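By letter and in written order, the chains are A, B, C, D, E and F; residue numbering begins at 1 in each of them.
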Amino acid sequence: MCHMRFGSEPLPSQDMIKQIVAVCRELLFPGFFGCDNVNSYNLEYVIGLQCERLKAMLESQVAAGLCFDRPCDKTDLGDIFARAEAITRRFINSLPELRSVLHDDVEAIYNGDPAATSYEEVIYCYPSVKAITNYRLAHEFMAAGVPIIPRMMTELAHNETGIDIHPGASIGRHFAIDHGTGVVIGATTIIGDNVKLYQGVTLGARSFALDESGNPVKGVPRHPIIGNNVIIYSNATILGRIHVGDNAVVGGNIWVTTDVAPGEHRVQAKPSNVAAQKK
Amino acid sequence: MCHMRFGSEPLPSQDMIKQIVAVCRELLFPGFFGCDNVNSYNLEYVIGLQCERLKAMLESQVAAGLCFDRPCDKTDLGDIFARAEAITRRFINSLPELRSVLHDDVEAIYNGDPAATSYEEVIYCYPSVKAITNYRLAHEFMAAGVPIIPRMMTELAHNETGIDIHPGASIGRHFAIDHGTGVVIGATTIIGDNVKLYQGVTLGARSFALDESGNPVKGVPRHPIIGNNVIIYSNATILGRIHVGDNAVVGGNIWVTTDVAPGEHRVQAKPSNVAAQKK
Amino acid sequence: MCHMRFGSEPLPSQDMIKQIVAVCRELLFPGFFGCDNVNSYNLEYVIGLQCERLKAMLESQVAAGLCFDRPCDKTDLGDIFARAEAITRRFINSLPELRSVLHDDVEAIYNGDPAATSYEEVIYCYPSVKAITNYRLAHEFMAAGVPIIPRMMTELAHNETGIDIHPGASIGRHFAIDHGTGVVIGATTIIGDNVKLYQGVTLGARSFALDESGNPVKGVPRHPIIGNNVIIYSNATILGRIHVGDNAVVGGNIWVTTDVAPGEHRVQAKPSNVAAQKK
Amino acid sequence: MCHMRFGSEPLPSQDMIKQIVAVCRELLFPGFFGCDNVNSYNLEYVIGLQCERLKAMLESQVAAGLCFDRPCDKTDLGDIFARAEAITRRFINSLPELRSVLHDDVEAIYNGDPAATSYEEVIYCYPSVKAITNYRLAHEFMAAGVPIIPRMMTELAHNETGIDIHPGASIGRHFAIDHGTGVVIGATTIIGDNVKLYQGVTLGARSFALDESGNPVKGVPRHPIIGNNVIIYSNATILGRIHVGDNAVVGGNIWVTTDVAPGEHRVQAKPSNVAAQKK
Amino acid sequence: MCHMRFGSEPLPSQDMIKQIVAVCRELLFPGFFGCDNVNSYNLEYVIGLQCERLKAMLESQVAAGLCFDRPCDKTDLGDIFARAEAITRRFINSLPELRSVLHDDVEAIYNGDPAATSYEEVIYCYPSVKAITNYRLAHEFMAAGVPIIPRMMTELAHNETGIDIHPGASIGRHFAIDHGTGVVIGATTIIGDNVKLYQGVTLGARSFALDESGNPVKGVPRHPIIGNNVIIYSNATILGRIHVGDNAVVGGNIWVTTDVAPGEHRVQAKPSNVAAQKK
Amino acid sequence: MCHMRFGSEPLPSQDMIKQIVAVCRELLFPGFFGCDNVNSYNLEYVIGLQCERLKAMLESQVAAGLCFDRPCDKTDLGDIFARAEAITRRFINSLPELRSVLHDDVEAIYNGDPAATSYEEVIYCYPSVKAITNYRLAHEFMAAGVPIIPRMMTELAHNETGIDIHPGASIGRHFAIDHGTGVVIGATTIIGDNVKLYQGVTLGARSFALDESGNPVKGVPRHPIIGNNVIIYSNATILGRIHVGDNAVVGGNIWVTTDVAPGEHRVQAKPSNVAAQKK
């Protein structure tokens, strides 16, 4: 019966994953998240201590994650802890590069919104910074082959922001989302550089193959490929393994299931005027 | 003046309703929510103790709910507590059946998403499981005639997941929502079995009758009736007491105010290409 | 480097702004939010004490906000505290007027939803009451020239409700939002009286001028002007400095980039039937 | 079996009694205990609100206390709540008089210790102020016939300070204890005005009558009567229903089981010098 | 350097030992300590669940304790966990017997104090019940050879009650302490049945052998042996490996370094009257 | 009226002083108190960060302390903050020396108790370590002229341990207290090196001069001077400005108001045997 979960290794803890994300945000944006007394005197201590904390939390949670999708008998544990330790080390070493990537995302969000008054406001107030940060963290663990934890991380952001980015998606640099509530980016989506999405945009699957027993075939590419310098307006729905070419613009509230050419501006069919028709 | 609420019986407590929902989730999915040390040795104790806690919390909150929509003078209290006790007992007895219904919902979500790797991932990470659970709990209290508490329960899920299902809606088995942010299901909606909704779908009212003093007439059926085996894609808006027939598919971003025939595939009008027009 | 924030005056605290909003909600809707033991005996004490608490919290946070967008050297501090004190006093004095405005909003929401059973249910359960309250609080601080804090307040509501109203927007009386997830109202939007929005409605900017270095020009009016008595259905996207005239109705899932005349009913182009086409 | 307590009315809650004492201390010494932001602007609100809170907490706890020493069937409840309400009202009305009595105790402690630098230091740092306050509160409830709660109050102070004053003792004005750890004052002790005790002083019972079944006879006067202006030094043990007359001084570490005359200075027998004896 | 503790196995946690003691008190006196909603319906669930919790906490803490007094290399861990598991199992099996022993202690305290109104008051309010309970728990772990944890348990009671009983002491049944602040019972003390102590009694060591390097020799019997039916009054100090015979009474404030015969009543030398001498 | 404290500068906060003491203990005994994950990798970060935290907390609390005993008008504030900053800096610089002094105290306690099994047990379980640490911290602030805070620190230890050492006392190295409940050391006491006290020892004042208005004259030396290598047994009371010479031993339960010669062993008068007398 699928409802019960007990008698085996514990699940990764929702609460611990929340803390791990919080510490990562503090390390990536010191002074904005977490300890609010960071200053030039204690910065080194805060960073050092939080890296140590992060290491301890990650090792135990990654190990729990590695046990998630198969029975772990006790003889595996040595191996699992060794893998968890290696994955954790690699992840912590990747934080400076993540910081650089996120810097470009902040810049893209700032440049894309006339209402933003400073980089600081973007980091502190824009939910898309939280959602993109969680996605980029989760994507690292996905790439390292850790089960369940990447999804827990992006669902935390989904809950906070209404932005649902699957950790399997591949997203380039200078990525911006504005407002963001309702955005969905599916697991096999590929997005280029300098792409900007508005709230409610779906990059989803249209339909999917079933196997002989009628269950969906897992792992088939089924989401769109978005080029560079693309803008997609609010509530546009783009479905299936189609291409949206470089420099294309997709208008809002549109249902797109065929390729959009490079440079194309595609918008909804011209609205009818009911009042006029009624006359 | 509508802003003040004091001097009478207390409102049901937002915090207590939150705890009640948390205990119900723990009872319906032991090991996934609540106490994370459930195992085959202590399962019986945990279930027993949480049922006792649930009973105590529910009796007081249901009683507070029963006082919500009319002045309760002290002489009613005996009767109100008796009703609260009976409703609570009936609700707790219904939990095994709810567990069975939710099992089918989890299965439907799993089968509907190639990105889902296991039932466990669905239960632990998919916000729609939380939203559908809260709805099904709330619907029981709605059916039992308890004011306000059903709405508090579904609003808790709305806050957590962005999915807003009115507790008055009637929804069949094997119900799936994917992603879910922005979904709205109105109070008089009727949904069959094996229905799947994507994010942003609205099943709403188009317009409604006003009484002679210009206020909306309450309680009139005004939301859609959805048949069996229907799929509705993201951001579709279906309004009014119309029928969407069995096996129909409604494309995304579409505004539907007329019946959809059984088996019909209805999508947005073909998009225009502004770029082309500009040339 | 934009990621670091330390060595200068502290940022306004996310946690303190959260408390400030909570106290304001308690003062505006006593008995519904905050202390749940308010009654006719202690009401005066609760109000008095919470006003005092609000004053202390606001003065320090407004001062931190005034230091946000420019380096504050120590010699400015006297002046900054005097401004913070004056702004706080003016804000607290405006609370009774805000209460009256919010009363009308509650009434508009109640009248606009046949599913609402009482004003109490609207205040206690409807997320739009929280979002509109935060917006109206934030708008006061925006008008007083306080940086960052208004955005923090509306983002708190965005996180809670999925409704994203920029504090710079100008919104008339009797304003209603139903369900609300995904609503976006941009910084220079102007909205009349008796306007009602459904979930997913965007009042946004279409494009914006760049300065000679390619950055967006800040502060240009770029969002719609909505007249009185307008209804906009779910997921409609209205972009640019266009006018939607009095008494207009905009259907759902529509992409609007041109003026809508007074009294006009504009809906999406008639949908095509793929099933039919397939035959 | 004495270890089990269930199936009947709940015991008064240790945690609630702690809160009740905390609120009383705040009302008796505003600004020193509890809310540390009391000032001349909000004093009235704080006092008003805390009196209301105190009333609600006391009524429920006094009622639980009244059920402590006998089975309460449901038919008694109306009567019990009426008594609890009357006792609570009388207690709150007695707070101003208690405040005056405690003022004199603080003065006596200050005058009795050259190390005390101000009344403020005495109130804020001297454990005897806490112990005497709890005793005087508890004595009121003892006089009102409330079971168990008085003992809970004095045991809270015993735990905090090591000073164990039975709530049944009768103690005059201007009462001072210095340091205080180990002080014990028995249930039928009577103490005059201007008495000062040091740490470790016992005012106890020497022996007590047994009834025919060998159990101690309850309620017999068996502790000392201390006159006015008496000083008792550290670790003195005074046992039995004896008199210590006005203006007497009892030296430390002395075992006293006979009357001490007015004005008498009684000290331990002259010590022997073991070293000398060894020679 | 003795001040640093790091780089090795963790110390047993003060906080966890506190929780372990709290759960034991709840199991030994259900309804008085811990969960205050125990009733005849949920008693079995509470007991079952708390036993499970206790087992998990004890196993990890006992293992940490076993590593306390010597370096634990990793190869020992299997053995240590097996010992911890066996000790824990034996301890939990001993709880019913401990319950019976503590019942007699409660009875002895009740019979020894005319001020006690019921067994319930004794359990709920008398600090000696807490101190004796902690001692009896700690003594079990001492007997099982667990380092440090027994001392942590008795120090918790020392902090709560001012009663300091070394876990190594051996104490018979029907043991009573009244008031108790300042009581000290040393590590090699032996106490018979039906013994009653008042506050401030010391059963200590007088002097102790030093080894050739001047350090005290550990483990030598050096504290008194107290017979059956002995009463010792407040602040008596009894030092060295002497015998206090059956039915003896030791008066307060006395310094005893020689045997007290069975049935002997020994009190302080008759006090001198300084006032008289002054004349 | 002495009971009210409001309208002026805030008192130092009991809670903050508690945190300050906790951080000092963590810095003086890393791994034993506070963060329990200290290891050789993060030690430097923990120390660095806690020093920074300590500095911030101390500066604000010392400033509040400096305002305690006289009205502070706003013009003094610059001066007060400068003094607080200097005192804080000096205190933090003194921590390594304090660590060395406390090391000797731990050694003395270990050597003085055959029941102690290791330095680690002494640090982790002996209340005297906490009391002596708080005293030595408080004495530094006393020497720096900070009002009230030293007393708050020693009262925290008094509450925890029953040991009451006035911060004004002067105490040499290798100082040991065993058990400790009820120990009192007065404000002008002077204690040499290698002194050991047992529980209940009082080093107090016998009487004190009154000024012409009958109030005690403050600041007069009135407590004992204890030499080197002195042992004082439990419950001894030593009063007045007398000398206890080097190598003296004072027996328990004795009342001492005259000098004790170097090397003297003074004990209580030989006890009488009441039973014998009765015959």
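Throughout what follows, a residue touches a chain if its C-beta (ideal position, glycine included) is under 8 Å from a C-beta of that chain, and two chains touch if they have at least 3 such contacts.
These numbers were taken from a predicted model, which means no experiment stands behind them.
Touching chain B and chain F at once are the following chains: A, E. Of the chain pairs B-C, C-D or A-F, the one whose interface repeats that of A-B, sharing more than half of its contact pairs by residue number, is B-C. Centroid distances built from C-alpha atoms place A farthest away from chain D. Ranking D-E and B-E by contacting C-beta pairs places D-E first. Centre-to-centre separation of chain A and chain E, using mean CA positions: 56 Å. Distance between chain centres (mean CA atoms), chain A to chain C: 27 Å. The residues of chain D that reach two or more other chains are 37, 162, 181-182, 200, 235, 251, 253-254, 267-270, listed in rising order. Taken together, the chains touch in the following pairs: A-B, A-C, A-F, B-C, B-E, C-D, D-E, D-F, E-F.
Residues 28-32, 36-40, 43, 99, 102-103, 106-107, 111-115, 117-121, 123-127, 160-162, 179, 181-182, 198-200, 233-235, 251-254, 267-275, 278 of chain E are the ones that touch chain D when the two sit in their complex. Against chain E, the residues of chain D that register as touching in their complex are 1-7, 10-11, 13-14, 68-69, 147-148, 151-152, 155, 158-159, 162, 164, 166, 168, 181-182, 184, 186-187, 200, 202, 204-205, 208, 214-220, 222, 235-237, 239, 251, 253-256, 263-270. Considering their complex, residues 37, 41-42, 44-46, 48-49, 52-53, 56 of chain C touch chain D.
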